[in-house]
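Got some structures for you, see below.
What follows is a pair of complexes built around chain A, which joins chain B in one and chain C in the other.
Up next, the complex of A and B:
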């Protein structure tokens, strides 16, 4: 790879956005989880839920913080790296992102402070409202940004006049052909991610025989929601596959790993390939016979379309698309297996005692994040060489910034983000090691939990003083 | 014809709110470096913790409003200001994560506070560089940036950077006058007595020097002498009131004076560059995006902004009064 501005701008964008998406995925999922948990607490008054809430709130808060600061970078990066893209696409995606800021970022920011620090000041009911508003904010945020990204994948509702893009129909821009399929897929990915995080941490405690009440509750909740969600996700994913096959055949051709216009019959389902883009062939390919025909054409001998159906200069790079898809799909299968096992064990009443299963759960803790990244690599690299599919090539979109500058800032991004990630992981590990009990210790120090949360103490400085700064 | 004007007004509103609100956050952050007592530093951070995120969001709003309503300008300015913007974003990132991370570990809190302060200072400095580069003018050919990314690193932008940093420190001091108690209250008074004169000095130096680097500014003074003169007087007057009210009651008076002072300064800048959006180069009409895009943006802005302001105020109200010395909540 030579040091050219286009490559560097793309690597930089890919790096910063990949780093960012890790945190929103957790934030979207955990916000909803916290809303559910606080609701359960208000309903049952069972303090176990409050403990779960506080434990996950502290992790959520840190992830949210990193999500915010990495997100801000992205909203400027459209122009920093891809000025021509910003100038052309601004009229279409700009207003959507602006509405995202107005309807969701402000909502999240406004109520996050109350969610994190306001329990003593506003009382439980209003605090619950704040939690719900933060969860709603993440949901709206995902809706807008997915609409913007989907418009880049399947642009609609616009015309180009005098070299500038003009919106002719907003409804078509917003509700472009892929948005309403991709949105549920992404949301459900985020909720799956949170389910596996929550279940994984619980399982870790169970394996060590610690914090048993907390651990059982979270494993039960996590596996239950994962089971429901993964069933839905496979279904939505299948519809999404059909949608993208219709609008971006080149992406799905690359995703399956076949080159020839028609594959052999019966087609295998490849798991490992070593593609050679220049010679338009696989140096090496390993797959399960017949499975390709069965899954992709729903018949025993069907043939699958290969990438040569797309002219070479309009092909995405097969390796990236293929492995993005395989990672996501492979993890989907694992998740499905874990969900099935959890149903069986739950029925047998051995969910909390089967050690191999708990170990699986621990290993699956980050699976949602990995699958999400895989999915996004499939979607974004599969769109290449276009930045707006069929309208603007990525090469033509790059900013007039010299390569050295881009390289220097890329290095800066990598260093600082590595620092963020290290700090985040270290602190999360500490919180997990300390366990959920320390998360509520201050409230207990002041007497009863409920006492501390009653609105009477709202403005009394003595009550807050009594709580001290034990956690600090 | 009026749509671009309204969009520009919304962008101006966003950037003004950003400078005023995140201004005192960054100022408080910068002052962490001068504060030796850890207790007091905790207190300082606590005073801005619940609301800083919303304040910073106005920066995103400004950037995205440009993208939506004036994509041509956005596409010119981002590459032109590439270096200060990226450095600012990274610095804001360091500052932002420090809020969460500093509270995690007592042992290293000092180091996080240094990161917090340096992040705040660098971000403020870069915003000043951006301002200076805009006033000095960026090179444009057609609709693309045609200069060098290093153009913004020159004496005039550097002077602007010092001015913005001093201005933010003043705002930070005013905020602490309003929110802090006892010893921290005294600390903020002492800083204000030094920072305010420095800011005034830098402010008038920038004003003077700008006449030499940018002919457009001379022209603007010739066109609107009364308006610009009045605004300068307001800045001066507010500065005097601020200085006189340090340490006195009502303790909100320095904050109000400080906000009026900075707002008048921003008003002056707006008059200087109007009606261009890439200052002195491209007008808001030439940089506009499509009509329907601006209508969509404005509809959203008009409907949602009051709600946003409403619950932002609510968040400030929830955390009203003096910041408790032992934190908002035993739990953090």
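Up next, the complex of A and C:
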């Protein structure tokens, strides 16, 4: 069997970017969560907030580290695996990636050290400022990357002259038709991910009867933020659906699982399909009657557009797009249900004692990550066969690299990333098993701005006591 | 017997009420009843959730 370089390049990029997106999603969400928690600590002086901060700071730091390392790989892959894409799109997305490094990455890198180790040196207020700057950095990073990716989905502000892409309007490149809808969708996804992570770990402690004060506070905070966020996310998601239907109809046609130019009336909402791309039909489809018309056309008998509206050579692979969307949407519905249940239980004052609900929260711990992955599969596979929608096909963007080279690097990536993931999971599991009481001493407050100029790092009575414990 | 019936009824109600409220809000927010109602539904859901979270401190029911 001969290996196809184009397929290998795509599999390699899909694998590395899927792995990477897990960590920025957590970092963006946890950075904002940490900023809120530290703000609450400064406002209330309740040490429980400091304990929560210290506990999640360790996990955030590890996720941030893995995210940075795996993100750098992607920039190289543009050139190594997709040279024609880098050559053509460079004038538009190159500056955005450079600006991401200049603004957000410098901001994050500059303040992360203070956030992790600086409280004894700079004091709580400046430390809080550093935490906010890191959170702002992650937000800016998401903005630049989303702008670049949205430009690939809905390119604007450029013209092709003599086979080269020329930027004619920078504002249109940056503020392309989908950016301002996709950005809040991604940010909400990251904040929801953090909310369910935090609530899930708290629920696990509650079920085991451990660290009760910490657990109750984190379950209360996690479910409260998830409740507000999921309502906004569902709303933004619907707006985004309309935007993509306008600019990338083939993606949304594939996402709904209909083939014919118009569906039956009333249209069902499919949850399971077995599509046959070659014959342009579903071998099998299972759905809820009427729901497709109600949800997608907002009427009882509306018809939904099918994928045959797009020429066969320009169609994405329906199965991948459909299931990416269903995973994301299905989890969003589950999140909405959990949020509603949490409000009801809070009202009945049974939030911490209802064991089925706590088990649900534990199971929902990684839900944000899985939903984000599903959403990105929808976005990226739905754009196919284009890498820049309507301008450059993916197959034409691939570098002339031998298949063996791509296979070797793919195997290397799988091995290295498997090591990263194992190490990350082992350390996170260890932190969670140990509990919040044994979180790092680095974030304890005792310093001031003057301390920043002094060589001593551990200068507080608490830190000295902690050192004593280590010494014993 | 009556007490058991009452408990069962309370459980069913405890399942039905939040389910109905949740489904109604979900349908409203995704725009089934129009954009105006979607925006109104979103505002009511968010403000309602914030008010409820602030008024009913969950940590108060420590048992």
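Operating definition for what follows: the second predicted complex is superposed on the first by the 438 of 472 C-alpha atoms of A that agree within 3 Å, B and C clash if a C-alpha of one lies under 4 Å from a C-alpha of the other, contacts with A are read in each partner's own complex, and residues count from 1 in each chain.
Going forward, a residue touches a chain if its C-beta (ideal position, glycine included) is under 8 Å from a C-beta of that chain, and two chains touch if they have at least 3 such contacts.
All figures in this text were calculated on a predicted structure; none of them were measured in a lab.
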item: Simultaneous placement of chain C and chain B on chain A, clash or fit; value: fit
item: Chain B versus chain C as contact partner of A:353, first or second or both or neither; value: second
item: Which superposed partner A:278 touches (first chain B, second chain C, both, neither); value: neither
item: More chain A residues in contact - chain B or chain C; value: B
item: Vertex chain A, arms to chain B and chain C (CA centres, degrees, nearest 10); value: 160
item: Partner chain in contact with A:224 - chain B first, chain C second, else both or neither; value: second
item: First (chain B), second (chain C), both or neither touched by A:337; value: second
item: Chain B versus chain C as contact partner of A:295, first or second or both or neither; value: second
item: Partner chain in contact with A:43 - chain B first, chain C second, else both or neither; value: neither
item: Smallest separation in angstrom, by C-alpha atoms, between chain B and chain C in the superposition; value: 29
item: In the complex, chain C residues that touch chain A; value: 14, 17-19, 21-22, 25-27, 29-34, 38-39, 42, 45-46, 49-50, 52-53, 56-63
item: Residue ranges of chain A in contact with chain C within the complex; value: 212, 216-217, 219-220, 223-224, 227-228, 231-232, 234-235, 237-238, 294-295, 298, 333, 336-337, 339-341, 343-344, 346-353
item: Touching residues on chain B, where the partner in the complex is chain A; value: 42, 49-51, 53-54, 56-57, 59-61, 63-65, 67-72, 74-79, 82-83, 85-87, 89-90, 92-94, 96-97, 99-101, 103-106, 143-146, 149, 289-293, 296-297, 300-301, 304-305, 308, 311-312, 314-315, 318-319, 321, 324, 326-332
item: Footprint of chain B on chain A - complex, ascending; value: 54, 61-62, 65-66, 68-73, 75-76, 78-80, 83-84, 86-95, 97-103, 105-114, 116-122, 164-168, 170, 399-402, 405, 409, 412-413, 416, 420, 423, 427, 430-431, 439-440, 442-443, 445-446, 452, 459, 461, 464-472
